[in-house]
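One structure is given below, represented as structure tokens, and several questions about it will come after.
Here the chain labels run A, B, C, D and E in written order, and each chain numbers its own residues starting at 1.
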Amino acid sequence: MVNAKTRAGLALLGFFGLIAVVGPWIAPYDPSAMGPDLLQPPSGAHWFGTTMTGQDVFSQVLVGTRGVLVVGLVAGVLATVLSIVIGVSAGFLGGAADELLSALSNIFLVVPALPLIIIVASFLPDSGDLLIAVVISLTAWAWGARVLRAQTLSLRNRDYVLAARATGERTWRLIVFEVLPNLTAVIASGFVGTVIFAVLLEITLSFIGVASISNWNWGTVLFWAQSNQALSQGAWWWFVPAGLCIAFLGTALALVNFGIDEYANPRLRSAGRGKVGFTPVERS
Amino acid sequence: MRFLLRRTVFYLVTAWAAITVNFLLPRLLPGDPVQAMITRFQGRLSGDAVQSLYVLFGLDQNTSVLEQYLSYWGNLLTGDLGLSFTFFPTPVSEVLGQSMPWTLGLMGVTTVISFGLGTVIGVYAGWRRGTWVDALVPVTTFFSAIPYFWLGLIAIAVFAVNWQVFPAAGGYPAGMEPGFSGEFAGAVLYHAVLPAVTIVVSSVAGWILGMRNMMVTVSAEDYVLVAHAKGLSQRRVMISYAARNAILPSVSGFALSLGFVVGGTLLVEMVFSYPGIGYVLFQGVNAKDYPLMQGVFLVVTLAVLVANLLADVGYLLLDPRTRREAW
Amino acid sequence: MSVLEVRGLSVDYGTLRAVHDVDLTLERGEVLGLAGESGSGKSTLAYAMTRLLPPPGVIRSGTVRYKGFDLLSLAPEQLRTLRWNDIAIVFQGAMNALNPVASVATQLLDVFRAHRPSMPRAARLARCRELLHLVGISPDRLDSYPHQLSGGMRQRVMIAMALALEPEIVIMDEPTTALDVVMQRQILEQMMELRAALGFSVVFITHDISLLVEFSDRIAIMYSGRVVEEAPAQSLYRAARHPYATGLLGSFPALRGPRRPLRGIPGSPPDLRHVPSGCPFHPRCASAMDVCTARTPVLAPVDQHRSVACWLEHENRGAT
Amino acid sequence: MNEVVLEARGLTKHYRRGARAVEDVSLVLRRGRVTALVGESGSGKSTVAKLLARLVPATSGEILLRGEKPGRFREYCRSVQMIFQDPFASLNPVHRIRYTLTRPLKIHRRSETPEQLLEAVQLPADFLDRYPHELSGGQRQRVAIARALAAQPSVLLADEPVSMLDVSIRLGVLNLLRDLKERLHLAVLYITHDIASARYFADETFVMYGGQVVEGGDSETVTQHPAHPYTQLLIASAPDPDRPATSTPTPLGEPPSLGSPPDGCRFSPRCPQATPRCWTDAPPRCSLGDGHWAACWLYEEVVA
Amino acid sequence: GVLTVGMPNGPMTENHNPYLPTSAASSLGYRYVIYEPLVQTNPVRPTDKGTPWLATAWEWAPDYRKVTFTPRENVKWSDGKPMTPADVAFSFTLLKEFPALDVHSLPIDTATVVDGKVEVTFTRAQFVNELKVLQTIVVPEHVWAAVPDPATYVNPDPVGTGPYKLKTFTPQTTTVVRRDAYWQELPKVPEIQYTSYNDNSAQTTALASGTSQWSYVFMPNYKTLYVDKDPANNKLWFPSGLGIHGLWINHTVAPFDNVALRQAMNDVIDRDAIFQRGEAGLFPKLESPTGLPRPAGDPFLAPEYVDAKHEVDVPKAKERLTAAGFKLDGGALKDPSGKAVTIELTNPAGWSDYLTDLDIIKNDLKQIGVEATVRTQTADAWTTDFSNGKFQGSMRWTDTGGTPDDIYTDVMNGNQLRPIGEAAGGNQGRYNNPEATKALEAYENATDDATRKASLAVLQKIMVEQVPMIPTSAAPIGAEYTTKHWTGWPSEADPYAPPQATLPNAIQIVMRLSPAS
């Protein structure tokens, strides 16, 4: 059922999930503790080497996994919920409500994300992971809402929705139980996309010094590496692992996304390897 | 026509709301331009400068936000975007005019390349589902999942510092004066190679993926089967029947991303010291430069909305089914 | 003389066998009707003959001979030149059979571009106009897009396209379902006139027995992936031999004449995943015998024009 | 007996993009009777059904349920249920049959079980745990009927409930409907392209053309003695294996554009018997006796 | 033959106004090779006598409310006109009339030409501002008198007395070339290119590759990043002026109003670690407990502190705490009321050196049981919170000047006290000590050295004993430069000027440069 790509993605994701849970316990050092070995390349004692202040990069990456996953998932969930509420309502209700909600999502689409994030982060006392997740989701929902609205527009006049209405279903039930389940694929791939976006944005924010770097995450690791110009110093071990982790996490999510697509779209599922137009002749 | 009119009104309202938000956003930021400037200089500008700066930026007079809003609109309508604080007293329009061509050049071209390349690969991968081309798709997603700055910095470390085949920073050589000479154009191209390639590498996967999935879906449509039945060549079926229909959803995405081109990309400009608008905005935000921020927001907002409108129109032109509704 | 000969064709969708060991012959200039329950594999058969079956369909066995070529062993390029030039298809849903973003003219011209590369453009255009005129559509519709045409017109455009290269065979899969009878008749009568003029053969698939009897020369009845009876239209209508065919004929109401009682067929169609052993129809068959549950009858001629796959016939035959 | 359950008066529906889909349609559905609606594709039959089900708002005209203006939609749909034209589109692909059938039972607080509903349409109970895509067209159509019946409505609007089925399954479904009509005294609106089945199953038949009802009356009379030229054309065109070899002349021509219909009789451009008056004035309803009527100038004298 | 200067300041717009801190001329520093000050002073040696520049002599009234300049005579503007005393007076009047141009907020009263000399009077004593007054640049009256609003004037065609004139401007790079004539010997550098990079890392790369020859940029490890790339030539010198960085403490937050606690904290904070790790060896080490960097502060040190050195002393800190009623209870410090002592240290996210400092401080404070947490904010939020007194502890700088007054005013001037929630321009830690305020006033307005010495001693005593703020590093006036192409740079051995290219002294340095053989 689940194809190889998806399995690989799920396995990778499960691995990161495991690290997120047990990372702080299995980390060999306190990631903030400044040891005596300054800027050492990878060795038996420090698998990913050490930083300028003698911190253990491996422990930082391990401990930082949780923050990344939490921000990614929370932002993904919030943005997805927002985009569903606004996009699907706009598409389903139509009329003035639609125009209003579409305008709202268009505005959020054009309002630049960076200042918005800075503003919101400035207003709240503690710019921790959760706050960043909330802010990221604020900037990330609009695109999904547009896509969902378009999809909903095409779904809302489907016969099965009309038929459910004809049996006397209430509007909210039509939206939640008739329209939404058919958007699963779109929502799921939107969710995966948002999670990738949120992870990248969080890391970027840490990197350019907007987000909090009080807690360890891969972005924080990269922030310290970059502000100490690790690459120019030849300390690739400080810069490379966190970046690769992000890339692998993103790839894992994208691979899972392949699976979601094929699972929810029967055409993709059954199309197999066959080529349209020339039915294979396979005599047994 | 009525459709266009309705869309236009819709966009005007959206533009008004977005511009108002853009006006309010900077003012919601804590602090003020003078304090931000002092902070930015971190002691290299003495505390005494505060007074002169308030006078300089004209912030010593008290005006209500409403008054500011009204005069902002007044100025906007006369095309006056005000004077930037960061680059005081350079007019915002001049700051924009100076950085916009670079942004448009680099981002515009790479967006087009990325879209073109991604679409072609996506069409092929979708058409030859299950072959090696298709297997390439996860690889490209790997690149799109890399944080851009990481890719850029590694590229600099490898190609600019280690091998020294491309310059590490800037849009053109430091001593050269911009002009319409072949030499300058060559230098600009040379400096653009590394940023452009990294942008394309990190953004092409999105187009590939979208196009591929649409191709797979469209390939199962009846009219593609009919095209096969008609005995048309594979190329013709792939391009005129499958791809021509599959590209429709990508088009509006493309138009939108062209709109966002105007905003530049902070990361590219930071990593490669490229003289674009993204970094200017970043400076403006850090400096509480209301006029500059508003100016950039305005341009981005308008560009995105116009791109949106163009996407609508483009859709009308590309998809005959929607034409009837429009005219 | 037969133009198309199908022998022992079997088609699978994954583990499911949708067409089972089918033999069929199409004579030059004749209309062969194909009827049967829904899901009995009619469309699958028609597409498999030209290897146009979309995935996951796979042809498992058999031959399809056209003018001496085995279509199933041709290389794609050879098959491509043969398609439409010799065998054209009018698909079930004309709504989706036309490329929504290309004009009628483009789609018609495409056929000439692919198969008549040497034909001058003016001649091609002239031919397109002529074709539209042939099916009763004003030639200035050439520049229209599919959505600007009504369902009936789209169907007729498809017919015009099918005839563009004067093919030997036209396959029509439920070309008129969802159209009202007036439109249906218009289209079919045109088709028949053209057939008389051009002399091509037609495979005509529909659920509407009345229509089939009225328009086709010979009828094959399918049940559960197999052809169970094949006979000239009128003789099948007057006296069907296979119990399923008899059941079908007893199930449709007549518009004219006295109201006759409708008998119907008891039971429900088999699930293709769990086909009953022996004759697939035996659970619903009033005259089922022991042998029917054990062995599958094969399609065999019972007289000069008629073949039936039923143990009743075979035992008769065995007795004679 | 046979009292009016649902009545439509002067129903009109213009779609936003100018399609005048339904123009001044009046209909009466009675207890225990099947009323057939036939006509060309796109003449507005489905729109009439949806208007009657109050799924689309009417541009003008009114609907009376048991002689009264209907109240809240939920109460209304308890009495009036609809079967949609396309069984592939009208069952939500993500829900099991059980969900689809349980919902109306819950909404209308019926005490039956979904198993009983399936039994009524002669489907085995193990279908409850299947998804729609695991069902054949005929089975889907029966599920759709079961859903409509779950509310125990007094009116059933059946929009081409058998179009996709082969004749044997078709017969089963129609027999089921007839049985329901007789047992439960259901009023049924039966929309179809299959005129022969209208003859067999419907008590009365109405013929629609271009958004208007052009003829109505007892089914046998309408099918055997069609009065309106369009009905005549329709009957003549219907496939018939016993048809004499001489085929009927059928006018080539295109159906009316609903965007800008002709001024007078909408059939006039295609009508072989059209007179100048037909082009300019809309014809009145002319009664032909026994409840049989036609909207055509040809029968004006009969009225007079 | 070109000198390339780099700054990590981002793209520029064409603006050569020498007064505006926002102009490219100020940002990149080329204003000081086009315009010149009256006197060159050396902030690294603030008490040294200034070098006469456009003024050949100057004389202060004893109360420091008046200064008389003798303008140099044979000076010509780059447009050929001679510089006159009127130009000098005009330059002061300009500052008075347009406060927007006056970044030092000098209280100029009058500026008049008397007998070819220029007399400038002030409404307040300018002893502590002496260097700022002397460094005032001179602009041509014939150009600037006609400018309606000098504050919005971009000065497209700058006319100055300096040896260079503008050649080309691009947002990336400004180029100036040597003039044909100058009032003294022409410098040997024919052309200077000022390039702006977008960030520190790009600037560092440019320095390392030799694209930039002279810059001031913070680098986390100058040895590997810069010096090692060309150990013979790549040099840097980071001297200190009279300005410091330190941990500001909010005195309105209990128990930090307790002097014993502040002293104890001061005792355990390891300034050496901050120097080495936090400030990458670039911010000079601050050893004097008075908070005055050395050697710039040497002439000001009170006798009792001349040899005093700050040392980390954990036992002493614990002693102090116990004596003041604090209890160290299982590793956690409890204040006399029994509450655990915790402190939240805040700084903007992105200021990596300060954040490293805070991390070090956090670890140090743990030794006396103070539980510190580090929290980052956006730069704006931090700026606002800091000036509004809504913080517990933060790393920040003080002003830099020619006397210790700039440091001490910033840290403890009671006149700058504002209630919590109201923005304060200085004394953001809300240190309230009338004695300090009085001493500051006395120092600023004194007319004799004895008074000055006495009040300075008081201020230093307060700084040492009350610890209103915990100094950690000196503020550097440093730069990186390469001797590959040009030699003659200022250095520890020859500290004739601060090495930065953006200070008025830049022209002094350029004058000394000669091609490397």
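List of remarks:
What we mean here is this: a contact is a pair of C-beta atoms (placed from the backbone, for glycine too) under 8 Å apart; a residue touches a chain by one contact, two chains touch by 3 or more.
What you see is a predicted model, and the numbers here were worked out from it, not measured in a lab.
Touch-path distance (fewest steps) from subunit A to subunit D is 1.
More inter-chain C-beta contacts link the pair A-B than the other of A-C and A-B. With each centre defined as the average position of its C-alpha atoms, the distance from subunit C to subunit E rounds to 92 Å. We define each chain's centre as the mean of its Cα atoms; on that basis subunit B and subunit D are separated by 55 Å. Between the Cα centres of subunit D and subunit E there is a gap of 90 Å. Centre to centre, using the average C-alpha position, subunit A and subunit E are separated by 45 Å.
Under the contact definition stated at the top, the residues of subunit A that touch 2 or more other chains are 118, 122-123, 208, 226, 232, 271-273, 275-278. Shared contact sites, meaning residues of subunit C that touch two or more other chains, fall at 52, 54, 79.
Each of residues 205, 348, 380-381 in subunit E touches at least two other chains. Pairs of chains meeting the touch criterion: A-B, A-C, A-D, A-E, B-C, B-E, C-D.
By the touch criterion stated above, subunit A contacts subunit C in their complex at residues 270-284. Every residue of subunit C that touches subunit A in the complex is listed here, in rising order: 47-48, 51-61, 72-73, 76, 79. The residues of subunit B lying in touch with subunit C in their complex are 220-223, 225-233, 236, 240-241, 244-245, 248, 318-321, 323-324. Of all residues in subunit A, only 158-169, 177-178, 181-182, 184, 266 touch subunit D in the complex they form. Interface residues of subunit E, counted against subunit A in their complex, comprise 200-201, 204-205, 208, 219-221, 224-225, 277, 348-352, 355-356, 359-360, 363, 373-378, 380-381.
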